[in-house]
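Just below sit the structures, each encoded as structure tokens.
Shared between the two complexes below is chain A, which pairs with chain B and chain C, respectively.
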Partner chain A sequence: MNEKKESAFFSIRDLNVQYKSGAQTVYAVNGVSFDLAAGETLGLVGETGAGKTTIAKSILRILPPHAVKKMEGQVLYEGEDIFQMNDTELRKIRGHQISMIFQDPMTALNPVKRVNEQIAEGYIQHHHCTKAEAEKRAEEMLELVGISADRAGEYPHQFSGGMKQRVVIAMALACSPRLLIADEPTTALDVTIQAQVLDLIKRLRDELGTSMILITHDLGVVAGICDQVAVIYAGRIIEYGTKADVFRHPTHPYTIGLFGALPDLKKDVERLSPIEGLPPDPTEQIEGCAFYPRCERRCEKCKSYRYEPTRLSDTHTILCCNPAGEGEEK
Partner chain B sequence: MKGNRKDTGSLKPGSLRYVWRKLLRNKSAVFGLTVVCVLIVLSLISPLICRYDYRSMDGLNAYSLPSAEHLLGCDELGRDILSRVLYGARYTFIIGILSTAIAAVLGIAMGAVAGYFGGAVDSALMRFLDIFQSFPMLILAMAFCAVFGTGIDKCILALGISNISGFARLMRANILRIRNMEYVEAATSIGCPTRKIITGHVIPNAISPIIVEIAMGISRNGLASSSLSFLGLGVQQPTPEWGAMLSSARSYIRYYPHMAIIPGIFILITVLSFNLIGDAVRDILDPTLKE
Partner chain C sequence: MSNLLEIEHLKKYFKSARGTVHAVDDVNLTIEAGKTVGLVGESGCGKSTLGRTIVHLQESTDGVIRFDGKDVTHLDKKQMLEFRKNAQIIFQDPYSSLDPRQTVQDIIQEPMRLLTKDSKAEIEKKSDELMDIVGIEKRLRLSYPHELDGGRRQRVGIARALALNPKFVVCDEPVSSLDVSIQAQILNLLMDLQDQLGLTYLFITHDMSVVRHISDYICVMYLGQMIEKTDKKSLFDQPLHPYTKALLSAIPTVDIDAQPERIQLKGEINSPIDPKPGCRFAKRCPYAQHCCHEPVPLTEVQPGHFVACHRVKEINQL
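Moving on, here comes the complex of A and B:
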């Protein structure tokens, strides 16, 4: 979306991902592009099924090959296209340069391997060191995420959910990656643990100077951590801007709807106003704007909308042909 | 909290040590293990402890009932049944274990390949194995025996081949389940090569149901070897295989039933023991059955 930054640290150009589901094609991601500067944090926000995780997994090319029908576009890491790399080059990137925190700590850890082995695994791979050195590193990582090192030899089932997520974080950070993808790192955890884990991620990001892509459906989380925000709907970034742009001046009707559905302690509202309807069926290709059936501002133009971006400012872009004008918010 | 605690709490469910400790607390499994061990030892030392050689004939004592002289009586040629039964135990065990080993090794390899790579390889392998599965196991083993001929080695081969498809199906189903687990993606995402993912993540998680299938397979194949011998395929007279002993005793069952009953009881006890062990292992490895 920001063409002027020629050689961003990390950028995605026109990413398209389609899955096959029986005879049908699932259009999961439809032309996503964004840039990320070193040290910045981007929040990807959207409903379940909007394509957030697909974007994350296609960055590391870990989508199951038998389910993917088409994966096109460019994922540029320091100017190198990850989609063009061979297996050896790819393995050097994975874990070492870019790594990922998974959504569900219950399934992201191998139940029959000790946690220190799992954390050490990537470190051995990238640093060609002995097992003992790597396990020492694993213990350091566990201490870093707040787990005592004498629990290093235990198995995942002996940890609570929050601690498992800490282990997953330790695993992702073991090789000090320069870009961290956090895929809904707090969704599977309860609220008190969520806050702890988020604080931890934030602290580690600041200490290690890592760039981050944070995937979430929780706008509160985005507000606390991110610099840039991308709102995703039906596989497209429909609003992109700095945190101030999106939170102070939400412009796409969908983003406005999201904020309207959020409880606010300061306002006395009888009822929250949810966005009516359901996200579109991803197996259908929709003519015009995908948000049309649920949109409060729909008009004739929307039916033939071709997703030409509307620039509101240098940093703020939306995909909408009939946005709310200035002064008439909501 | 480190791994030196004596109870099973600190061991991961599914590890061999965990299964072993739980097994020792299960009465029926201990019974099964004891019987199997005692039979194996007795069989190995039977030439030393038995008063009679299993081959030596004593015409005067033919058909004799159990007595102080011959503890379990004699068969139609006057051979001591106790010596024969104990010596013959080794055949049941050898056939049971080796044929299961053949089936497990080939079946696991084929199932793993089919499950992991999927697509055309999967279809080709599994359709090929479907041919085997369309026959009842014993009929298939009989067909192989008819082709290969008779003898212990052929019997092992026939039973081994007939059992491949069961192992392959089980392994394939497990691999399919694990291949899509998030921890496999997680391992990929930190840069693990495919070889390490298969050996370090996929196989260790897929193996526990296979252990149960192996325990059950040994008893099934031991029984099947007796059936084959009884039918005149498989192990032949004068080798004292239990099924072969039953087979030769059946002509005299009305007048000298002990000749058939004794090897029958041994078959029963052995199969029961293996089944008890297999049942216990399955219960231990099935987390939904935990109290």
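Moving on, here comes the complex of A and C:
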């Protein structure tokens, strides 16, 4: 939704993804665009079904082909469109230049393979090295994520949840990718373990200079780790800005609603202000703004809204035709 | 106010191939009528087991449970049915806790059909009222759980728990599987119901901001034991146990200007199988010393503030 920056090393242009669901069409992603500068971290925030994971998986083209009805747009990595690549070109990028940490460490690992083999697998593919070299790399990676190399020959079930997620991180970073996509990397973990894993991701990102797209539903996680924030609703980025833009001056009524619905750790609030209603049915194509039925600021204009972005500043954009103005009660 | 629930030295052990799992180990707890006690801790700390043992979904291994002044530790079948009318539970997962082959109205009516002598018409009237109270549209009477979204399913679970007018409800992570905007709807509903019906809650959660919002008192569990117990204000203003401090510091906050100083804990939660005597947190505790291998009881450190830590006074300069 922001204009193309010359320096962007990764961008998505007008991504649309639709799934088949029986006779129906699921409109999962409806025109998403963003740029990511090298070394930056973008947080994609949104609720279940908003389209976050679909965006992530389309970047690497790992959506199940039989379920996808339409996948359009451009995913530009250093100017090359990933959607136009053939399989050989794609394999050079996947897991090497761009890799992914999946949400659930229990299912992301192969239960019948030792963890060092799993970490080494991608490294052998991309570096054409011997098994011994790759396993040495696997041990280095395990040490890097805080697991003793002695345990390299163990199976996933011998590790706890937090350690499995560390193994997944080691796997994703083994080839020193330039872009890391982390899909809810800590959602399955307890808070104290989450804190350890987030600090680890942050430290490795900074040491290795990796760019990152972090997908989460937790605004607190975004606040701790991201530079840019994109709030997603019904398959669209409805607010985009720097962390300061979105956290200090949330402007889209949905973003404001999300902050209002969070119980506060420091303040006593008599009653939470939930966003009334439910997210729209993704099988329906909606005329006008998708947030309309739940929005506190809805007006006639919204019914025919065509998603022209409103620029609030150089860095801050929203998709809303009736936002609260400066100084107005939000 | 009188205590609705009193638990003394409650234990729940499970046998496993590798030894005995001390899921709940010598826990004392009282809940005043009409109040909410929040029970927090990380996965595997025994908080759900404690909740399920209290409502007799599992039999306790040892200890006493008193409900409304009566000893309910061991119940025969008839007494159990009577007890169930007063003590109910809302489960974490609204997907697996509803029978997929029953309609919404069957699910809500089932407790009344089983445990009351009300006529069919009365039960139908009551179930419609319950749907109103928890905010489920009546057109959904004949829908099946798979046709509902997570928030509505949780509302059905709440209506079922309330069908027998219980005094006490264990809420076992009722909002953990819901999105924030829906979570707020359900939390408001639970608080409104407490006001209207005078309910008493044991609210189990791993989310510190949720527990702060809903509870009057808070208990923190670690590996089967209660390690800190006090009113909400003291716990958040002045946490005394090193684990509680670390837990609070680990929570990601949306305040980008005041990111917490993290207290990094080493390692992960130990195994609850045949634990050694002494403080179970010692292995991860930044303050652990030799004395921490001695058993440590929960003691009143300040008025109404109970902590199980040998070095609590030193660490907090009390």
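Here, the second predicted complex is superposed on the first by the 325 of 330 C-alpha atoms of A that agree within 3 Å, B and C clash if a C-alpha of one lies under 4 Å from a C-alpha of the other, contacts with A are read in each partner's own complex, and residues count from 1 in each chain.
Here is the rule we go by: a contact is a pair of C-beta atoms (placed from the backbone, for glycine too) under 8 Å apart; a residue touches a chain by one contact, two chains touch by 3 or more.
Everything numeric here is computed off the predicted structure, so don't read it as measured data.
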Message: On the A-aligned overlay, A:91 touches which partner chain: chain B = first, chain C = second, or both, or neither?
response: first
Task: Name the contact category of A:13: first (chain B only), second (chain C only), both, or neither.
output: neither
- request: Could you tell me if A:272 is touching chain B, chain C, both of them or neither one (first, second, both, neither)?
  value: second
Query: Now for A:196: first (chain B), second (chain C), both, or neither, which partner does it touch?
result: second
Message: Going by the contact rule set out at the top, does A:298 touch chain B (first), chain C (second), both, or neither?
response: neither
Message: Under the stated touch criterion, which partner chain does A:243 make contact with: chain B (first), chain C (second), both, or neither?
response: second
- prompt: For A:157, is the partner it touches chain B (first), chain C (second), both, or none of the two (neither)?
  reply: first
Task: Starting from the residues of chain A touching chain B, keep only those that also touch chain C in the other complex, and list them.
output: none
- line: Per the touch rule, the chain A residues reaching chain C in their complex are 47-48, 160-163, 190-196, 198-199, 217-221, 223-224, 243-244, 247-248, 257-266, 269, 271-276, 278
Touch list for chain B against partner chain A, complex: 1-3, 10, 12-15, 118-119, 179-183, 185-193, 196, 200-201, 204-205
Message: Considering only the defined contacts, which chain C positions touch chain A in the complex?
response: 42-43, 149-151, 179-185, 187-188, 191, 206, 208-210, 212-213, 236, 246-256, 259, 262, 264-265, 268-269
Message: Using the touch definition from the top, list the residues of chain A that touch chain B in their complex.
response: 57, 60, 62, 64, 66, 87, 91-96, 99-100, 102-104, 107-113, 121-122, 125-126, 150-151, 153-155, 157-158, 168, 171-172, 174-175
